[in-house]
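Just so it is clear, A, B, C and D label the chains in written order, and each chain counts residues from 1 on its own.
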Amino acid sequence: MKIRTTKYIIKDGIINAYRNKLMSLASIIIVTASLLVFGIFLLISVNIKYKIDDVMQKQLQIEVYCDSKLDETQVDSLEVQIQKNQYVSDVRKVTKEEALERCKKLLEENGKILEGYDQSFLPESFIIKIKDPEHIKSVVEDFKKLQGVDDVGFLEDNVVELSSISYWTRIISILILIILLSVSIFIISNTIKLTVFARRREINIMKYIGATDLFIRLPFIVEGIIIGFIGAVISFVITYYFYTTIEGQVSKGIVGENFNFIDINSIVLYVIGSYFIIGTMVGGIGSGISIRKYLHV
Amino acid sequence: MKIRTTKYIIKDGIINAYRNKLMSLASIIIVTASLLVFGIFLLISVNIKYKIDDVMQKQLQIEVYCDSKLDETQVDSLEVQIQKNQYVSDVRKVTKEEALERCKKLLEENGKILEGYDQSFLPESFIIKIKDPEHIKSVVEDFKKLQGVDDVGFLEDNVVELSSISYWTRIISILILIILLSVSIFIISNTIKLTVFARRREINIMKYIGATDLFIRLPFIVEGIIIGFIGAVISFVITYYFYTTIEGQVSKGIVGENFNFIDINSIVLYVIGSYFIIGTMVGGIGSGISIRKYLHV
Amino acid sequence: MVKFENVTKLYENGTLALSGVNLKINKGDFAFFIGPSGSGKSTLIKLILREEETTEGDVIVNGFNVSTMRRKDIPHLRRSIGVVFQDFRLLPGKTVYENVAFAMQIVEAMPKEIRRRVPMILGLVGLSKKASAYPNQLSGGEQQRVALARALVNNPALLVADEPTGNLDPETSWGIIKLLNDINQMGTTIIVATHEKSIVDAMKKRVIALSKGEIIRDQEKGLYENEDKNHEIHN
Amino acid sequence: MVKFENVTKLYENGTLALSGVNLKINKGDFAFFIGPSGSGKSTLIKLILREEETTEGDVIVNGFNVSTMRRKDIPHLRRSIGVVFQDFRLLPGKTVYENVAFAMQIVEAMPKEIRRRVPMILGLVGLSKKASAYPNQLSGGEQQRVALARALVNNPALLVADEPTGNLDPETSWGIIKLLNDINQMGTTIIVATHEKSIVDAMKKRVIALSKGEIIRDQEKGLYENEDKNHEIHN
């Protein structure tokens, strides 16, 4: 195929997309809509994951109780060992004094019964934040095996429950993203099929007067890519606008809750990437494939 | 319009949907796909809400500490008062003995320091389960005002945090459902627009030989309804099959977690209802509207 | 029956297709529109059907003032006219039988009447065997005759045929023209746009000759070519 | 140049359109296909273009055995033939100019050559003024001439025209036929399916008459109607 033909083909694809305004518009709307669904869910799932992890992070504390017979250097070396664990994000030491205070608090106003007791019978402990909810159990097991550790407890009973939510959220998110991806591809490619169908006669005619399959197909592919591309641009603009608006409102505290969204700039590439890949690829390839059956004349 | 005409029109709509198999198929796929997205999210959001509420329920316990000076009848009357509250689902009394045990436990092995103490200095309390996470704060306030109540505490610190998740999940769910609903409607109606566009010439011809707008439009509406209806049936079957399969797998414990899905039969009507309403209404109305511009000849 | 009063038609792209056309065709007339390619014959017919609107002037058909009528009356106008379009305009998704029956269904004819009349008309144009074929399975001439059958099936008071024999061999053409003549004898007004010199010359009917959008000759019992300057304008 | 060997064509719906057709058209010939509506003229042409495949027998065109050629060679076959289709087959989304230019673009002609040749050809068929109109803005005869212009623009070795004057007035028709004759003089093989008795009779070229799918007459310097029984079959 010569360069002048390539030039013609690209020009023809653009002209056709423009002359079939009505049809292009309907398909662009469909492409935009289905990309938006995918994109919205992508953003939501990223945010839900972020939020859940955030909540969990706050709760994912375990407490390692030292043997009360340990001396200070032993306790310090234990702290060092704990900090070495790759899943530990923060370690706070609870001194014997603090432990006593806590006890008093737990006993509420009856705390006074502890007055006069020496705090030395209470063990020192470490309140430890864990990076990743998934690993909490193994971390607990590891710490239990450390020498000088008397016991390891969760600060909250619901950690297991919560980490199951986190796990399921992730699984379901991925599943839904796959489904939505397929659905978008399905919808876009069938839309392209309809636009090609509307012009089956045109394709036939070109074939009848001797155009090669490639020559007929390429402008349609260009047209499909244009439709996909415009759909991607529009859906990206909409997504970006709404996301930043909502994010702005939330961070201004209008909803009255301390609810942080992920900054769009940190995920913008995923969104742009998926939109343009889906839009243009499916538009172009869908066009090329749909046209095939009308070429057999 | 006479009865014979109505008959003809319905027959014609069905015949057309059949003869334009290829086009009908593409549109049915699109309708199915967009309904599925809506339906999947409907089911997921119902389940997420269910799951979160479930988790919250387990955590949504508050403890009402009685004044330690109350005698038994006073405590009993307090229990009655508490049970009367509409948001309370369960009340468990913590006796002074239990309170002491708890104290001992809290002090761990050092619980022995409490030995010999009389439990009478400890207050009785009620551990109360709340029905609805949203109302927990007001319930706490109410109970604080009750006579004989010394203090009210949450059993967990993260209740507020969790109830914010629940709140946001609900808001976002509804928002997404609305968006998905609009998107489905958008996609389906634009698909119908494309199918009508593919047959614009046919519509023109009918008009040129003297058919009234209604006469031309009705078979297209019937056709749109058929496409929407078939799309709804298929998406319902798919949804039902996958949902019950996944539900079955999960309840067999294959995923190894105690994760309950809502029984599909309790929501089947919503799903069916929304599918059929969206599918047939949008198909029919979309058809009727899209055709309009080709009638102006 | 059909009256053009000072009609001008300027298409959107600037083509002046008709200018200052005055014309009156009475009930029972048989008139030929002739003229070179692009002279405005089809445009005249499109105005009668309100497929296009006049730029200036009035067109009155079967009592309807086509230029000012309401949109919702258009179907009534069109149903009162049987039309053979130059490009046939058959419904591609319907069989020959269904195409002809469709014209009866839109006037809400009785199904029994449809089942009786459609085969009869198809027989008349020689297409009984093709009843269940789709338009794209027909030869050019067969499609043209389906279009004619559809125009005839409702027994219209006015029949307008744009080039109804362009794809027909001389013999079939003559059959069709005789059919039109018979129908005309029974009172139907007939307007035929045509290029067939032999038919126009043999029929000796009214001839309305167009050139560049103007009527240059309107002659009773005329021929395709003008041999008698005296008849130049008649109205 | 074109050879039919015992060709039978049975359409899918059971219509026998051609049976036992033997035919040879040599380079430089000018042949008319004539015959009543539905006799198989267009089917013959469709077989030459491989728009349809033979049920039996072989068709050889420009050295291609049309019946057995590979799918990917079809475009080459078609490009070597200029065709005027009975239903024109203009691209509705392209202007007159673009429709004609398209035929040159598919053979990857130089843009300069396209800009030179297209207006020239449009002038030849009398459509210079309509270059930027879309097909639906043209009269029937104008569309037909665009189809002709497109068929001519690549200077094909074989020109096949199905009813190329069906929508043209006698004068324009004659212009077109003279044009075809000139092209023929310059060596192009020409096949015309037609109903126009006057043209066939005046041209006195080879006449191949069909009836019900069979060749009933193949006569050099023939007339539309058979006046000389001696010439009945020639091959």
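Just so we're on the same page, a contact is a pair of C-beta atoms (placed from the backbone, for glycine too) under 8 Å apart; a residue touches a chain by one contact, two chains touch by 3 or more.
Everything numeric here is computed off the predicted structure, so don't read it as measured data.
Which contact partners do chain A and chain B have in common?
Intersection of chain A and chain B contact lists gives nothing.
With centres defined by CA atoms only, which chain is the most remote from chain D?
Computed centres place B farthest from chain D.
How big is the gap, in whole Å, between where the Cα atoms of chain C centre and where those of chain D centre?
Whole-Å distance between the two chain centres: 28.
Taking the mean of the C-alpha atoms as each chain's centre, how many Å separate chain A from chain D?
63
Can you check how far apart chain B and chain D are, centre to centre, with Cα atoms defining each centre and the answer in Å?
Distance between chain centres: 67 Å.
If you look at chain D, which of its residues touch at least two other chains?
none
Chain contact topology under the given definition, line, ring, star, complete or other?
Contact pattern: a closed ring, each chain touching exactly two others.
Considering every pair of chains, which are in touch?
So the chains that touch one another pair up as A-B, A-D, B-C, C-D.
Spell out the residues on chain B that touch chain A in their complex, using ranges where they run on.
Contacts found on chain B: 22-23, 26-27, 29-30, 33-34, 36-37, 40-41, 44, 51-52, 55, 58-59, 65, 103, 106-108, 110, 113-114, 117, 121-122, 151, 156, 158, 161-162, 164-165, 167-168, 172, 176, 179-180, 183, 186-187, 190-191, 193-195, 197-198, 257, 259.
Would you mind writing out the residues of chain A in touch with chain D in their complex?
1-2, 4-5, 8, 16, 19-20, 199, 202, 205-213, 215, 296-297
Within the complex, which stretch of chain C touches chain B?
Where chain C meets chain B, its residues are 49, 51, 71-72, 75-79, 81, 83, 85, 89-93, 102-103, 105-108, 110-111, 150.
Which stretch or stretches of chain C touch chain D in the complex?
Listed in rising order, the residues are 11, 13, 15, 34-38, 41-42, 86-87, 133, 137-142, 144-145, 162-163, 166-173, 195, 197-198, 224.
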